[in-house]
Amino acid sequence: MADPVLSTDGLTKRFGALTASDGISLDVRPGEIHAVIGPNGAGKSTLIHQICGGLRPDHGRVHLLGQDVTALNTAARARAGLGRTFQISALAMEDSVLQNAMLGALGRSGRPWRFFGRALGDADLRARAEDCLARVGLADHLHARTATLSHGQRRQLEVAVALTLEPRIFIMDEPMAGLGSDGSAKLTRFLDRLREEAPILLVEHDMDAVFALADRVSVLVYGRVIATGTVAEIRSSAEVREAYLGEEG
Amino acid sequence: MIAERWLNLAVLAGLLGVAVWARIADQPFTITLTTRAVILALAAVGLNIALGLGGLVSLGHAVFFGLGGYAMGILAFHVQTYTPLEIGPISIAGSTSMPVIWLTAIALSSLAALGIGLLSLRTSGAYFIMITLAFGQMFYYFAISWNRYGGEDGLSIYVRNGFPGLNTLIPFQFFGICFALLCLVLLIGDRLARSPFGLALNAARQVPVRVETVGLSPFRLKLVAFVISGAVTGLAGALFADLNRFVSPTMFSWQLSGELIVLVILGGVGRLIGPVVGAVLFVALEHLLGGLTDHWHVFLGLILLVIVLFARGGIVGLLSRRRLGDG
Amino acid sequence: MSAILIIEQILNGLQFGVMLFLMAAGLTLIFGVMGLINLAHGSFYMVGAFAAAAVAGVTGSFLLALIAALIVAALAGAMVEMVVIRRLYASDHLDQVLATFALILIFSEGTRWIFGSFPLYLNTPATLSGPVTLPGGIQYPLYRLALIAVGLAVWGGLWWLIERTRIGIQIRAGENDREMIAALGIDISRLYTLIFALGAALAGLAGALVGTIQSVQVGMGEPVLILAFVCIVIGGIGSIKGAFIGAILVGLTSTLGGIFLPELFKVFTDPATAQAAGASLASMSIYILMSLVLIWRPTGLFGARA
Amino acid sequence: MNKLLTCAAALALCAGAASAEIKVGMITTLSGGGASLGIDARDGFMLALEQSGRDDIEVIIEDDQQKPDIAVQLSDKMIQSERVDVMTGIIWSNLAMAVVPGAVNQGVFYLSVNAGPSQLAGPGCHENYFNVAWQNDNLHEAAGAWANQTGYSNSFMLAPNYPAGHDALTGYKRLYEGESAGEIFTELGQTDYAAEIAQIRASGADSVYFFLPGGMGISFLKQYADSGVDIPVIGPAFSFDQAILQAVGDAALGVVNTSQWSKDIDNPTNAAFVESFEEKYGRLPSLYASQGFDTANLLISALETAEPSDADAFRAALKAADFDSTRGEFSFGANHHPVQTIYAREVVKEGDIYTNKIIGTAIENHADAYVGECSM
């Protein structure tokens, strides 16, 4: 089996008496979509923060492409190949769609210290940004102000910004949230193809999408991974069913 | 609706026009007033790089204004008193050449901005406002008690410093120098805002977390913006000192920091020409209202309140409906 | 340097600190509950002092003067909140800084318009004037002791108000979650006006109390305002406990720094230089203290994590 | 506005303003904490002009708000736009340092009603600069001399930490022969002196010398009286003018201060001045008013001999100082600063008014210490 692109090893994070992450170990292998599911409050956001660098774990390590990135900050992890989308869109609302995508391209180029010359006049950056916007279907909205986009379009832009980074792995935090069934279906098809470029760690509530996309699923409950397996394995796991039923019952 | 580009040119042409008219009509004091507006505009343009582009509400920009002023004061003081300026083993005679003074002012204020920025940018929001205010107070009290250079009394420089090929004592020529510098800095500011750095900084102001996740450091972007901003305000300080031929600790006072913010907001935050309009308006109000009543501050306060509460984009925002951030 | 002198200086530092606390308490409450930076808080200090001086001038009664200071400052606060501040809660800090800066201009120049430029003076009431002898033979002005007592009493009263009363529950709820108090069915705009008026009244009280031993003049509020900001930034914005600790720290640092730094410098250099350098450093000392605290803890000693 | 103000201040002048031949620019402090000084100096100056009956002198009055940059701006305006012949009015030394060198170098005459920084008396002296009030150190030096006469031998000294404060203590020590019980430089604008008073109490001094101008002095005196410390206090007249005394009240009674002028100096000019000032403005004159009055009379006396356009003759006329001063004898030293007698006064209560009474002469025919450094 190929080496994992991303792996966590015993991530533990406590907030006072609450253990938000309790020895989480999981990995994402090349070409796969690894979904993380779990009831609200299971610690999914805390996990993503630790993977992306927004939170330091109390214990445990994060490895990216075989390199220990636990001590790196968010920006350094991004440069190392993490491409993240946010649950609640984190976009520069005053700027145009193109400018948001160019920001990603600029980050990818690693050359922000240029004080003269128009950013939008940089052909390389612009080509990359326009290309990624076209792929998510925003080619017609290059100069729209981001604040005027619909919710679905903002989600598309989130994905496009991540694409401009050409990451080695995507970390997607509930990309389907708030999309209608049409939008979800479109995005599902898109992610299905995207996994060939880079594997995806997908945190998602939309079970239809998870079951349609995921190669493997990890179930997070009270900060702990209680099961990891294929969709079929997870569907039939008594423990998972109990956790979810207990939550929902 | 006026295209912002034309508005920018109109404002600059207006400034130049007033000065030329005053030259022809032999009204040297009007030229001096216009020069004052130009210099304050330059300081506010500097602040606007931190405030408008970087979103850094600095209530301590008087530090850089004052440092620029003291760069001029100290260099010229040593020439005036025929005492060499000794920094450790180095002994220099001082200088009365404007370009040398400007470079010194820029260097000093950049350095201070780097130090203050490194410490202050660790905080954000209200804490950032307060810590910059505190740095301002530190410099203020230091200047007051630094008796070598006049302390509270400040330093008086009897003759305006020189610029190769010009007679700076002629108000119109000194105006020309200041106006040219303002245009240059506006041009640079315009390029800066549209540059890759400007793009990243603009995003760092709105969504720092996004900037991090594309692999850039909002801290460094803001720090660089703060340093550039400090340098421009420092340059303005040197010119202001030369205009008055005098520096004193009031250049470091927190009221001055507050007034610089007022200039920016009065004109329109984040707009290229906003601070210039703000400065012109401020100087005009100072003299028109000040001529009508000793209590003109009451009316200035009311005008400010109205702008904050009802005209968020400042004067330029009212005149030009272009949304911020396009193109 | 004798023990008596040191104790006396500590008392002086305490007295300065508790008066700063009266200012800082309002500032920190207003920031904690409403998220508002209020540069105009120093104006209420000035308004209180002027109200007290005016009433004392007419009636000759110190007590009436204090009551007037409280009432006038509270009314000014409530009015300012309803006319201006209320529109700023949703704005960013920049707008708040600017609008309240504008209020300073209006208040200061307006007061100058009414009362003129020359300072007014209040006299300490006969019952509180002169020194008393404390245990250990320390002579200390009775009025300053009374100031310490008032400051501590206000601290206790605020603690009681916040921990033990219905309004306190609402205030604490407001600090945690603005939507929550709306959900609790509390009239939020009335609560905000009340808190703002309370903060203003405390500032006005401080102005009257301190104005009595100093002078009542336009612009008297701003130096105190800046110090009060330093207090709440050190203590952590929004925390009453932090404001108190910050105020005492600033009071002691400022007072003792002015005395001991020159003494300390005399160890290294000649007395004249030591005096000047020590005095300079002393006036910068509280800002240095604040910077150190912020570098160590960017949200102050008791501030919520950003 | 300010021309209008001028008219209000001196109705007599306005009628003749059209035919005015001499333009005087007065920059002084009319608003803010130090306004009472500027107002007194202005009123004294205008009173003398009015009494002279001359209608060919136009006075342009502007308020510097005690801010150096405003003062410089106003001075530029007066010299460049109004083209004044003579300037006067500045109260504060730091403002004078900002304005005077530039003004006199542009050929304008400057007559100081108050500020007398050492730089302008020593190496920076100028032929067009005349000081009618004092060199700043004068009153401090006199206080030191008075302390010797009184037999004080262990003084505690207190001044704000700024150049004038340092000059004050240097000036006091120049003639004072006793020991120092302690020296403190307080923060400028400080309003609470509890810590310093505690140090004074513990110092074992036999006298306290303090220089705390304006509101600082009022706060200090009130707090000092309330502290129960009973060591005698000496100060320069700055903290004991009429306005300040009424504010300090009983706390100032018995305090000794040094001044070159007092309303009870016995000469006809002074008696007439005090009476006419009180009649016109409804208050007792302060020493600043006397300085303004003397300055205007000096100007008028010079104008009787020469025009400012004839600079050399006008300068010589000023130098001669041929006028009746409220101080009695008046003459300039080589550096154009007064050589004068300085008195010790005590604060007393006359009816409901607190005022000063001369108790002795601190120093006679005193010139300043910097005259030797002036190359004129």
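Chains: A, B, C and D, in written order; residue numbering restarts at 1 for each.
One rule holds in what follows: a residue touches a chain if its C-beta (ideal position, glycine included) is under 8 Å from a C-beta of that chain, and two chains touch if they have at least 3 such contacts.
The chain lineup, named per UniProt: A = Branched-chain amino acid transport system ATP-binding protein; B, C = Branched-chain amino acid transport system permease protein; D = Branched-chain amino acid transport system substrate-binding protein.
What you see is a predicted model, and the numbers here were worked out from it, not measured in a lab.
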*Would you identify the chain whose Cα-based centre sits farthest away from the centre of subunit B?*
A
*Going by C-alpha centres, which chain is most central here?*
B
*If you average the CA atoms of subunit A and of subunit B, how far apart do the two points sit, in angstrom?*
43
*List the centre-to-centre spacing of subunit B and subunit D in whole Å, with centres computed as mean CA coordinates.*
37
*Calculate how many whole Å lie between the centre of subunit B and the centre of subunit C, each centre taken as the average of the chain's C-alpha atoms.*
32
*Hunt down the residues of subunit B that sit against at least two other chains at once, touch-wise.*
141, 144-145, 147
*For subunit C, what residues touch not just one other chain but two or more?*
112, 276, 279-280, 283
*At which residue positions does subunit D touch at least two other chains?*
30-31, 161, 166, 187
*Please list, in label order, each pair of chains that touches.*
A-B, B-C, B-D, C-D
_subunit B-facing residues of subunit D, complex_ = 1, 30-31, 63, 67-69, 72-73, 76-77, 80-81, 93-94, 97-98, 101-102, 105, 117, 161-164, 166, 187-188
*Could you pull out which subunit B residues touch subunit C in their complex?*
51, 57, 59, 119, 122-127, 129-131, 133-135, 137-138, 141-142, 144-147, 254, 258, 261-262, 265, 269, 295-298, 300-302, 304-305, 308-309, 312
*asked:* Help me check something: in the complex, which residues belonging to subunit D touch subunit C?
replied: 30-33, 35-36, 161, 166, 183-187, 189, 191-192, 194-195, 198-199, 201-202, 215, 218-219, 222-223, 226-228, 243, 247-249
_Touching residues (chain side subunit B, partner subunit A) in the complex_ = 191-192, 194-200, 202-203, 206-207, 209-217, 221, 224, 323-327
*subunit B - residues contacting subunit D, complex*: 27-29, 32, 36, 141, 144-145, 147, 150-154, 156, 158-159, 171, 240, 244-246, 248, 250, 290-294
